[in-house]
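Next come two complexes, and both contain chain A; in the first it sits with chain B, in the second with chain C.
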Partner chain A sequence: MKTPLRSIVVAALFVAVLTLLYQVAAVPAASPIRSTFAPGSYVPGEVLVKFKPTHSASSRASAVAILGHAVVADLKLPGWVQVKIDADQTMDQALAAYQGNPEVEFVQPNYVYRAAALPTDAQFGQLWAFRNNGQTITTGTYSPNFGTPGADINTEKAWDHLTDCSSVVVAVIDSGVNYNQQDLAGNMWDGGQIYPNHGTDFVSNDNDPMDLHGHGTHVAGIVGAAGNNATGTTGVCWRASIMAVRVLDAAGSGTTATIVQGINFAVTNGAKVINLSVEAGFFDPVLSQAIATAQNGDVVVVAAAGNSGLDTDAIGGANATYPCNFTQPNLVCVAALDQNYALATFSNTGATSVDVGAPGTNILSTAAGTEATITDTFHNNNNGVLNWTTSGGGWAYRKLTLSTPAGPVTVDALVNPGTFPTGPYADSANNRVYKTFDLSGKNVATLSFFASVDVLPGDSLNVNYRSGGGDPFAGGGVQLIGGSGNTGLSFVPFSFDLSPCINASCSVGFQLLSDASVTDLGAGIVFFSIKTLQLNNTSYMIANGTSMATPMVTGLAAMLRAYNPQFTYADTVSAIKNAGRSVPALAGKTTTGRAVDAMSSLAYINPPAGLTATVQ
Partner chain B sequence: MTYMRHVGAALLLAAGVAACGGGGEGNPPPKKTTHSVTLVWQANRESGVNRAGGGYQVSISGQPTIVVPYTAGPAAPTSTMVSLITGTYTVTVRAFAVLDPQGGNAGNFSANSQALIVNVP
Partner chain C sequence: MRRLVALAVAAAGAVAGSACGNPPGNPPVAPAGAWSQQARVPGEYLVTLAAPANAKAISDLYGRFGIKGIKELGQNVFLVILTEDPGPAQMEKLRGQNVHIKAVQPNYVYRTQGSGGVR
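On to the complex of A and B.
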């Protein structure tokens, strides 16, 4: 009983709406036609026609036959018949044929109704950005990890109208994509024989954009992980065409040159939406030019606001973050919201430079593989004794208290001299310290640490590794960085690709070399870690960042361009910005004060332009 | 509707003529005449505007609203012709489609285009 009742109610509402519309529009009652025409929303080749009551069954059949159509069934509602249309006619043509018939009161497609269904993806329940019912994200790493029902991008309703964005090529310009991941493999761009790996790589300068970091694969899954396939997660688009463009290395770093080449590649090879989840704190005219080139190519560029928690419009420009502080009209800049649609604590904002918000915390998506992190505190069991191998003395373990925005924090540190930061380090020193790590079975390894350095010219702090273990400053060692410098007592981050050292014994070490002249404060190392990635095709992971909010909007841009094939970049950007949902947390902190809303954007209509009049 | 508008215009025109006939000495008031005015705008690119149930709505100050619906082909018409008597008119156009922001078929309008002032001599 449910389906017929629902159909009747829908039909009644439909007629009521039509009446209202046509009172406003002042169109004769015989004219109305309304349909959704979304692919799959109606039975192809059929329409339902309501003739005026004066028509008999035979005259209805005759009127239909004149058009080359045939009555399939009498619907047992006054005047209504189900009609099979000419096989060569489109639905639009068939409806128009009856619209012009004064004996017809109403005509519509034979709509298809389905039980309202969510995609079958196994972990859909954790995708709060698409359906926020207040659920707790069980593996969430951002607090809070529970949400407010309805605080989502409203894709469920949009999916009733469109799930397939594969007609629009989306370039993920990032660390690459694991194009073999089970939820991505079927949704990758077809690069033909020239780009058989679905994209290209400007880091290694080859055509294999395999993700050796993980960031790009996570981003790609938010845009277009295969939906409704009973596997893993889904993206904003259930079907997609994702172009993988690798511009960031295994440590997640890229350059102007790689990123600009990536943008130009995407534009040249047919991408209509670019996801750029990268940020930098300096004006880069070459990158600006590349985004302008994308504009000339009618390409939308969606960029991350940045994760520094800054107002990027602050007076003086000290907080300006690029590409978001560029002004090209094809650029959409995205801030991150949490599960309650509060601004994520890390998200940058900017009343003139950040446009919209989107979910960016506890976001579950595809992973390039299994990630693991080896941390080291330089000592065992809080015994205060350095447990790395030393040569030449100088290095020691000690606890340091750092000043942070959240207050003082005490951390484990590797220091030289042992009194660091009060110095001085020794003259004529060759102080080495190293440790061996097991990296067997990994595909990627990235070394990270923070360092405070005050080493005079003529002296040097060196960081080396050695595959096979042992002293990395002996034969066979490879230098990652070395030299003098002064960080002004601040600890600054360093990150290096350690992948060439992947085996059962990889030693990593620090060396302080000094000449016989005066010395300074020395060096301190904290937060030492080696992040590893073991590629596989079945992993998923949680991540936080404006990098995760950005592909929500990228996916929406692809959806809009797929639904409206004639859309320009300007139409797309307008529908994203103007149809969002007002969110108090974004008021005065973004250009729109809105979070994106997929359904509203899909229904958004730009105001007509270019109105002229000619008086005769 | 078109018929009604013409009748309305004819009545107004007749009233204008009657007023002229009742004038006294001096310059007669300007004669009101009817002109055809063609309004043209750029096509919207939303699919919903350019399929059955979509189209445009033209508003002219003091005149009945004109609906320019999609009928057939790749796009809804982007022009209409209207007869207007001497005067100054404000014209706007807005587009419409079936799909509403809640995902239903309640219909949805764009904002108005930029207003155009039309002087009919």
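On to the complex of A and C.
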């Protein structure tokens, strides 16, 4: 006698077996699952048909002949025959002819298989995300920099089926793309005469989405750097159609307005997959609406989980990070894994808001040019003496110990007053501090620092630069930010485009002005740096971040939609989420507990819904 | 001399941390001051109109702050750039006075970068 428990177990096993069955590529005769197949993935004019075992060889031949087809060979598997179809029929029509026949159990194209071959790209051996053999990545910056063989997204097998995603337009909504980069130039979207530069720019409001930051070009190369061309790297897709949509400026910052315009542009101009490697910590209804609009346009949006090392579901939503904490079904949120498929230390997670994991450390990809970073610790040789030029006193060098998600960190700081953060700063002050840097020969320069500010209204903390050097507050200087404010004892990041100051002598300075009334705690500056970019078309670079994990999934989405042109956004998202491989580091920290797997996703077909099983 | 102070590095994506996790319809209110407003662009707001209203409704309601520019972004959403920034709270308060204005929110700032070279 059966028990309820046994019924449940048996039913569960039945569903599991059914799911496995539906992961094979054959199409059940009565199921109109897939109507179009990617060109090149099958032998034109041939199908493989499985008749019910009761059919003899002669009756199979007759059934085939009635359709105007001919049996080419008996496959020596029960019921299976290789069939030559009518020359005028499409593959869809031929499959449909058999799918309606109750005597046919399965019908499928005669798929083409090729010997597994690695792409010839010169630096393919560094691309652990595609082929992890435990290698150490040259110039890798993330530790550990060694891998676990097999911990990758399994593109090698997928590439046996499809490498050309160019039928699917992928919008990289980011800092732009260096569309002249040697591994990207041939894989950019054809925008015709209206968009001759392969996209558009909502920062400068023109048609030139050239990348002046570097982020977008790196992302684009992960999606679709040209593969098997003996040059540089390859993307998930060897051939692609990348739409460059610039919404982030040279400092890597954008706004709701630029991003929303970018999404609307992508949807309107035919993109079917959007890569959105940006993050912010506030609910943004207009951005949410734009993602919903993309959903209505059948567009998949792949977004980065964020790099704050937070559980974005925790503290009652206080850690929520957007767009990942939006709930649209066309949105896939991606966490970053390291070379051993451990969670990257910087990656955000969320059991209800982050969906899958993908490689995001020591990722080599295309670069907009040669990047360099000038850092400054405000003193020489750890001697504790401020080495910037000062005027009016107030500013000093000191070490501060900050709390971070990874624990306390001691850093070099520029502070005013010298006792910061216990204050107060001086009344009636005009305290200046500045330093001159050589930025000659660069195309782009970006000033970045973290600041903790507690300056009362009526007083002002100003940041200026001056082309030619010297005191940037003495005339001829340009203000980047100025005024009062309170960051609440937190150091928050600030970035500014310093490109107008590119020459051999560019001075950058801080000024604290105060009136005669009461004062507050003052200001501290840490992690001061100037990043420069010299554009060229031959550079590659290593980067870490969920921004790098995200385009792995974007490339896979493009691959899926190229392989299955009838796939909706829902089919694509389902294949990405449900066909991944279980990864312990993602269990309980993502909605699926899985890392993406390209081959499994290609083979994945949604199991039918609403099935019931009766245990006899 | 080194000294431990109660300072924290804010998450790169969560500038102006007080803005985190606000529910829909309750835009965060940033403290006054240039250094406190990095989560939004000062003086810039996104206004969603109730169809079939036109941009005149924006001028009617928010013209008192001086309108430097209005740009349509699609889906009845307009970027409004004001000469004087009244702050998100005041913008939201005024919204209730005009049925043609469906919603108003700051023009938030998004970034790509974390710290330590993480993107």
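As a convention for this text, the second predicted complex is superposed on the first by the 484 of 616 C-alpha atoms of A that agree within 3 Å, B and C clash if a C-alpha of one lies under 4 Å from a C-alpha of the other, contacts with A are read in each partner's own complex, and residues count from 1 in each chain.
Just so we're on the same page, a residue touches a chain if its C-beta (ideal position, glycine included) is under 8 Å from a C-beta of that chain, and two chains touch if they have at least 3 such contacts.
Keep in mind the model is a prediction, meaning the values are calculated, not measured.
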First, second, both or neither for A:Ala587, with chain B first and chain C second: neither
More chain A residues in contact [chain B versus chain C]: C
First, second, both or neither for A:Ala257, with chain B first and chain C second: second
Touching partner for A:Ala185 - first (chain B), second (chain C), both, neither: neither
Contacts of A:Met548 with chain B and chain C, given as first, second, both or neither: second
Touched partner set for A:Leu77, first chain B, second chain C, both or neither: neither
First, second, both or neither for A:Gln93, with chain B first and chain C second: first
In the complex with chain A, residue positions of chain C that touch it: 2-25, 28, 31-39, 41, 44, 46, 48, 71, 73-75, 77, 79, 103, 105-119
For the chain A and chain B complex, residues of the former touching the latter: 13-14, 17, 20-21, 24-28, 31, 33-37, 91-93, 95-96, 99-100, 157-158, 160-161, 563-568, 571, 579, 597, 599-600, 602-616
Chain B residues touching chain A - in the complex, by the definition given at the top: 1, 35-42, 44-53, 56-57, 64-67, 69-72, 84, 91-114, 116, 118-121
Contact footprint of chain C on chain A as seen in their complex: 141, 174-175, 213, 215, 218, 248, 252-257, 259-261, 264, 277-287, 289-290, 293, 306-310, 315-321, 346, 398-405, 408-410, 421-422, 448, 450-453, 455, 457, 461, 481-495, 524, 527, 543-545, 547-548
